[in-house]
Amino acid sequence: MQQPHTQDHAAVLDTAVPIISAQGVDKWYANNFHVLKGISLEVHRGEVVVLMGPSGSGKSTFIRTFNALEAYQKGRIIIDGTELTPKMKNVEAIRREVGMVFQQFNLFPHLTVVENVMLAPMEVRGWSKSQAKSIAGELLERVGILNQAKKYPGQLSGGQQQRVAIARALAMQPKIMLFDEPTSALDPEMVREVLDVMRNLAQSGMTMVCVTHEVGFAREVADRIVLMADGQIVEEATPDEFFSNPKHPRSQQFLSQILS
Amino acid sequence: MEYTPQFSVVWNNLSLFWQGLVLTLQIVVVAISIGLILGILGALGRTSENRVLNGIAIAYVEFFRNTPFLIQLFFFFFGLPGLGIRMSSWQAAVLALSINFGAYATEIVRAGIEGIDKGQVEAGKALGFKPMQVFRHVVLIPALGNIYPALVSQVVIAVLFSSVVSQISAEELTFAGNYLQSRTFRSFEIYLAISVIYIGLVWFIKLVAFLIQRQFFAFTRYIR
Amino acid sequence: MQDFTLANILANLLIATRWTIALSAIAFFGGGIVGFIIMLMRISPNPIIRTISLIYVEIFEATPLLMQLFLVFFGISVLLGLNLSAWAAATIALTTYSSAFLADIWRGSVEAVPRGQWEASRALGLPYIKQLKRIILPQAVRMSIPSTVGFAVQVVKGTSLASVIGFIELTRSASSISNVTFQPFLVYSMAALIYFCLCFPLSLWSKHLEKKFSYEG
């Protein structure tokens, strides 16, 4: 487990090497609940992977291991050439490169919209205020919230908050974006505005792992659908295959539930 | 017998009232500072997993919130010398006020700690903040904003309670009033004047607190 | 010098505790009645009445209880040429003190009743008094019970200040006993314990009610 840091850079930069590589990952929660059972997954640069599966199957837990918000006990996870280990000194260096968008937005309530976006670039990347401001302006423009920049998060609708949250994550110029059910907490009429932003992001070539049950989005944007059940991956397929011809009984059962 | 109030006793002794007010402020400021530290320590104990610390913190809070301040004061000033712990009336006053404030502050700070949004902490981590940065940029200000109103109320109560320390002859505003009263017997005028000073002080604190709130915690209005 | 045994001291303190309880009860109910009226004024549609009651609350919440006691006991007696007993003075001062805080607590509860309840009861054509009596107050009362019980603790503790104007209750009695026995540590500890036995159950009850109501929603 201690070896991977010796990898040479040529290999790291090779596009054939996956940017996310999970190999036989096992995780138990403190109460001995076996939540991830030997999961393996590879994601390549520019790929959009949609993770689906019934509630409690471990989707959130799994993607949260990619930025070390959750620890794991067995297997390896290598992000952009760096293995995540329990003893690693600088998790922050990984997290800088991996943006995350949460179901509950989790904007900082005491900062205005633009300050939310500027904070991490300034504090973590050490950018100047004016640099951060101009990037924040661009991103807010891109997610269509620039006219609300001076407001506090509490003054925005859920859909607007989630778009700010995406801009905030993008401001760190991450190599990977993780989305954990970004539209589940939204009223139906706001789902679209968030999915539109995500679709544009995917088209710009961002590597994305999205937990979502938005079938339309998955069909159109995903390169691959991954179905999880009971802490395992039961099926990996292209959207076409997955939605028209699911192979595994758990996939069929899951699809019949969400499509009904 | 008709009694005509004569407020000259107040005008002629303004400097005495002023001294009293300054002494009151000294006691209160020192006591609140110590009390806040006690409150933070108490809250850490109260939220810790360690049963002993937790128990000590609970006992501290419940005991001092469920007994009168005057009894606490008498206990420190008259009772503790029985154990060989002697202090001046000023020390006893500050100690009693600090410990009393600390008990309430413990509960307030604890509520602040428990009110911290775990999701926001995670968002901070996910952006690459180090633990200290998460505390400084993500946790501290919202938590302060949440506990701020309760803390201000408690500060006001500490100011009002400080008048009680006159009962162990600690010199402050009420003591000054008692002193003047015993020389002039103009109780109505003097106690009215002192009341007005306390009211002015409390309103001043509330005004400053409001301005601070508006300047630094304006966001709390938008948190549901 | 009279010999005081532990039991002896405790007995004396407990006898005085009766007056602490009596004064607390009177002040709490007196404060409740006045506080209720002030609360009604605080939520009145008439801005002048609202302002008057606001000033009342702001003044009495900003004056030390000790000062209110002094003003009533020494000040008013001198001013009006009355010879107020410590009983009367303590009752008056503790009543005004409690009324201000209770009015504030209860106003908070009334304002916590959702706006829609007022609108719905108005839409039903109920006159103001009936809106209050039938719709708003029953809901507000429920919400206010935990903090009202919590405030009772403040009243019990507040009565200790009546000792300062010579009202003989638990604190006063403790002072006298400690003066004769020269055992202040013991006597004040026991007095504190008695207060604790009075207040702690109320605090627990208040916390319990708060939990219960917050679950029931």
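Here are a few things to note about the model shown:
The letters A, B and C name the chains in turn, as written, and every chain counts its residues from 1.
We adopt the following convention: a contact is a pair of C-beta atoms (placed from the backbone, for glycine too) under 8 Å apart; a residue touches a chain by one contact, two chains touch by 3 or more.
In this text the structure is predicted, and so the values were computed from the model without any measurement.
Taken as a contact graph, the chains are arranged in an open line, each linked only to its neighbours along the path.
Highest C-beta contact pair count among chain pairs: B-C. Taking the mean of all protein C-alpha atoms as the reference point, the chain centroid lying nearest to it belongs to B.
Chain A and chain B, compared by their mean Cα positions, are separated by 47 Å.
Centroid to centroid, with C-alpha atoms defining each point, chain B and chain C lie 20 Å apart. Chain C has its Cα centroid 56 Å from the Cα centroid of chain A. Residues 117, 119-120, 122-130, 133, 137-138, 141-142, 145, 217-219, 221-224 of chain B are the ones that touch chain A when the two sit in their complex. Chain C contributes residues 58-59, 61-68, 70-71, 74-76, 78-81, 153, 156-161, 163-164, 171, 174-175, 178, 183-189, 191-192, 195-196, 199-200, 203 to its touches with chain B in the complex. Interface residues of chain A, counted against chain B in their complex, comprise 67, 69, 92-93, 95-96, 98-100, 102, 104, 106-111, 119-120, 123-124, 152-155, 165, 168-169, 172.
Those residues of chain B that touch chain C in the complex are listed here as 1-3, 5, 62-63, 65-72, 74-75, 78-83, 156, 160-164, 166-167, 174, 177, 181, 185, 187-188, 191-192, 194-195, 198-199, 202-203.
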